[in-house]
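I have a structure here, written as structure tokens, and I will follow up with some questions on it.
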């Protein structure tokens, strides 16, 4: 392996826009890693390619009532409800901690309207230590009766291009798996000016409490993540790789290096580890070590050599 | 429990059309139970509500090359490719066996065009021991560049109404989970004259062989089934229950009675057991026994009392 | 850096049908760091299902034998597997996690421990540490019935004054442990109460102690994913000046000041 | 009615690092019904992952001890778990499944068994039954090297003429077992050949026997879901007059007439 054999670059496509350069392709997935503090006790955060912080909203959000977590077969359904301190407090209280590390910081933003996305993008662009924006379009559009943005390709393009105008940071649009044709949604994100797409967000799911004869979650539906969804995530990464030319950040059930390699072969330039962290607090670095082992075994100079290689 | 406390009826909605009356709500899922012969060595087929036979096509099909099965975390991806003897041989060689049992026979049909569906429906309607048709719309439409029927709501309505005209048998339209809005697809099936919908078919998925650096399956994608998908299936049954008034046959990862109860509470009138049979050859009757136990524990007279009860 | 410890199940003791004490040999670092009221997050099968770890209070630490004990009831999938686990099996442990009971320093001090059912689990370790500090300790244990009562001998062996009540009176007082506490709090000086058990019981303890002006701490349970404060899955509602906010049972808790907890309506 | 049998692991014997013999106590009905070349479908963890059962050839049946033995190599998730399984663990077994080797009736008959690596597993049981029937039996076993060679003693104990070859010559002949067969088939009368091992080896056996006009049977492996013929997951290509068709390895097989099998190109 070359020095820098793990470095991956997501080029800023638009004029004057920044690149996102990661020392390695392993990213802690948004919402599963807090703002890094907790896992900093278990791993050296400098070892990560990037941290995608907990989904941010313009103002603080309290989140949903408990239970927020339901375990299913090799998966979990979560209904956290975007509990977060809001943009300002994030910048004030969490950024100083994250800035101690070399690891790139990806701000994951969730809005209920185009205006909210634009406002957050502008505000975060003023913060020099944020390296990219991850636009989470899996939120309900309050102006459209709660329809989720991510399921409407036009809205995805609209939000992306609005954010594009509001920031010179690299934009990663995070796609929802709950659509008929993820390739066409990815295309719209690309058309809107996204520098990359990340997928998959959680799969809409539910569980029923047969004793109480009602949904386990008060909000009825939650998002399924973990190994159970890996085969679905891989398929969608594959589809998106055939639809767009921008880089893909792949995720969904990655627990070890071999899982990550599957995503990379399917077309992911980088990978995120989410639920895996809960099971194994050193999951991110274990995934990285596994990737390195695979590269060594296969005499690879650079991780790029694997990206999309299974498409033949 | 009442005598007949388990009997469920799917009324034939259209004039002159038959009802489907099951002695109990447990159905062996299409493609996982062959034509009943193999599991007849493990369970008394008379104990089943119905058997949905392996998906039939007009002529015999050889199916896909192996590997056809990939195990994933608590799920399997299959790529059988509809291997089946074709309608005529099915009637000639398999129906006499099935007719020995009281259990209802649901013929699952897969066509690549509206005409194929119509032809199969007509042909099967001539066979007096077939009790219902399950219209599997998860096949590619050869006239539309391979677009899968199930992802196009208009096509689903079109096929359903064409089949409706071709048969007086109860029609169950089997829905694919790989859509943005399954409720609206179900509505089209209902509008087309379906007497029931069944869901979910398998979730489009893939796995990659990291040693050979290519998809495990020659066809790249296959269908994910088993416990991994249960939370997704339940969510979609819930959504469909809120969209249509016709009965729902729920399936996806049912392994025991409690799983079945979850589906019934979510809105299923009957349930199917698929992958569960592979793990446990007596799964269907074990599921039925589990349902009975639950009914006893909850002093229920009739299983109908539970249908959709979690919607409150 | 913190890390996962590997433990090996030495043996299991059946307390009653469906309740077991699992004794696990593991790393000294884990044992030495453990404080009463903290918990460990256990990966029952090192690979495969169940996916998530399971939180269990630290029931006992034996530094000589290098063991940690957990006391658990079979309630679902994970604990069902645990009950079938054989000696020699390896488990993955992260911990000690969370914030435990605030062990007092001054000696002329009387701590009452109130346990309901499995809630007794962390109290044995707590009592041990209190006794080590020569703090006067009383334990009041409540169980459904004699068959499901346990640990009396363990507490007595520590020299702790031990009361048992059962709902059906089949052993000890008939009634709830809160009734014993209610009487005691009026008749003798209690400086602090630590409680763990069903939420309804802990709520009652909170009320009794609140009325009597006695400080109390409760150990709460919430479904946990990460166990370390990252997922925000395990929040509980904590009173504050402005009203209330969420805190994490796995990090700020599981032990909270009883007066600050907003209990679920049940 | 057929049913799942419950087995209890009695012990495991390490053949070499990564290869084990698991001895399972189970129901007589299963043991009595078993025929050489058949397999069992094993649920390694009674609940939970891995989801699917795993197929293993019947390696040995001991009616007195009421045990069935499986010989397996660690290749993935399921076998990795098996290798860590402790005595006392319960497993779920369906079987015997499939169609085994056609044991001949006439006695003046010479059967050669050709095993490659783990493919030796079903041949021990087969040899035992052949010997019981007083049929002259020769076994030719091929392994990668001495370290991974095994079962020589077991076969010799049955009084079976036993040849070993290893790829590196570290024990027995240097080369492949097919080379031994090739020589033998020219120099002595062989009435039937039963083989199990890597597909490439079995293919070779098929060719050698075809050329020599000796009947041969091969035991094929395919990924299986149900194991009973319902899922159509495990098909293999079988020659027929019209060309070829699929048959199920779990039902019509795993043993097929060598001359009818269309091997994968590898």
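Residue numbering begins at 1 within each chain, and the chains themselves are lettered A, B, C and D in the order written.
In this section, a residue touches a chain if its C-beta (ideal position, glycine included) is under 8 Å from a C-beta of that chain, and two chains touch if they have at least 3 such contacts.
What you see is a predicted model, and the numbers here were worked out from it, not measured in a lab.
S.K.: So which chains are sitting against chain B and chain C at once?
M.R.: A, D
S.K.: Farthest from chain A in C-alpha centre terms, which chain would that be?
M.R.: Between chain A and the rest, the longest centre separation is with D.
S.K.: Per the centroid of Cα atoms for each chain, what is the distance between chain C and chain D, given in Å?
M.R.: From the centre of chain C to the centre of chain D is 53 Å.
S.K.: Suppose each chain is reduced to the average of its Cα coordinates; what separation in Å results between chain A and chain B?
M.R.: Averaging C-alpha atoms per chain gives centres 35 Å apart.
S.K.: Would you kindly tell me how far, in whole Å, the mean C-alpha position of chain D lies from that of chain A?
M.R.: Computed value for the inter-centroid distance: 47 Å.
S.K.: Listing for chain D: what residues touch at least two other chains?
M.R.: Correct list: 48-50.
S.K.: Which residues of chain A are in contact with two or more other chains?
M.R.: Those would be 70, 73-75, 226-227.
S.K.: Within the complex, which stretch of chain C touches chain A?
M.R.: 1-4, 43, 48-53, 94, 222-236, 245-246, 251
S.K.: In the complex formed with chain D, which residues of chain B make contact?
M.R.: 31-34, 37-39, 41-44, 54, 62-63, 66-71, 73-76, 78, 80, 83, 226-227, 275, 277-282
S.K.: Which stretch or stretches of chain C touch chain D in the complex?
M.R.: 45, 47-50, 77, 80-81, 84, 86-90
S.K.: Per the contact definition, I'd like the list of chain B residues that touch chain A in the complex.
M.R.: 72-75, 77, 151, 178-181, 203-208, 210, 213-215, 220-221, 224, 227-232, 234-235, 238, 253, 258, 261-262, 265-266, 294, 306, 309-310, 312
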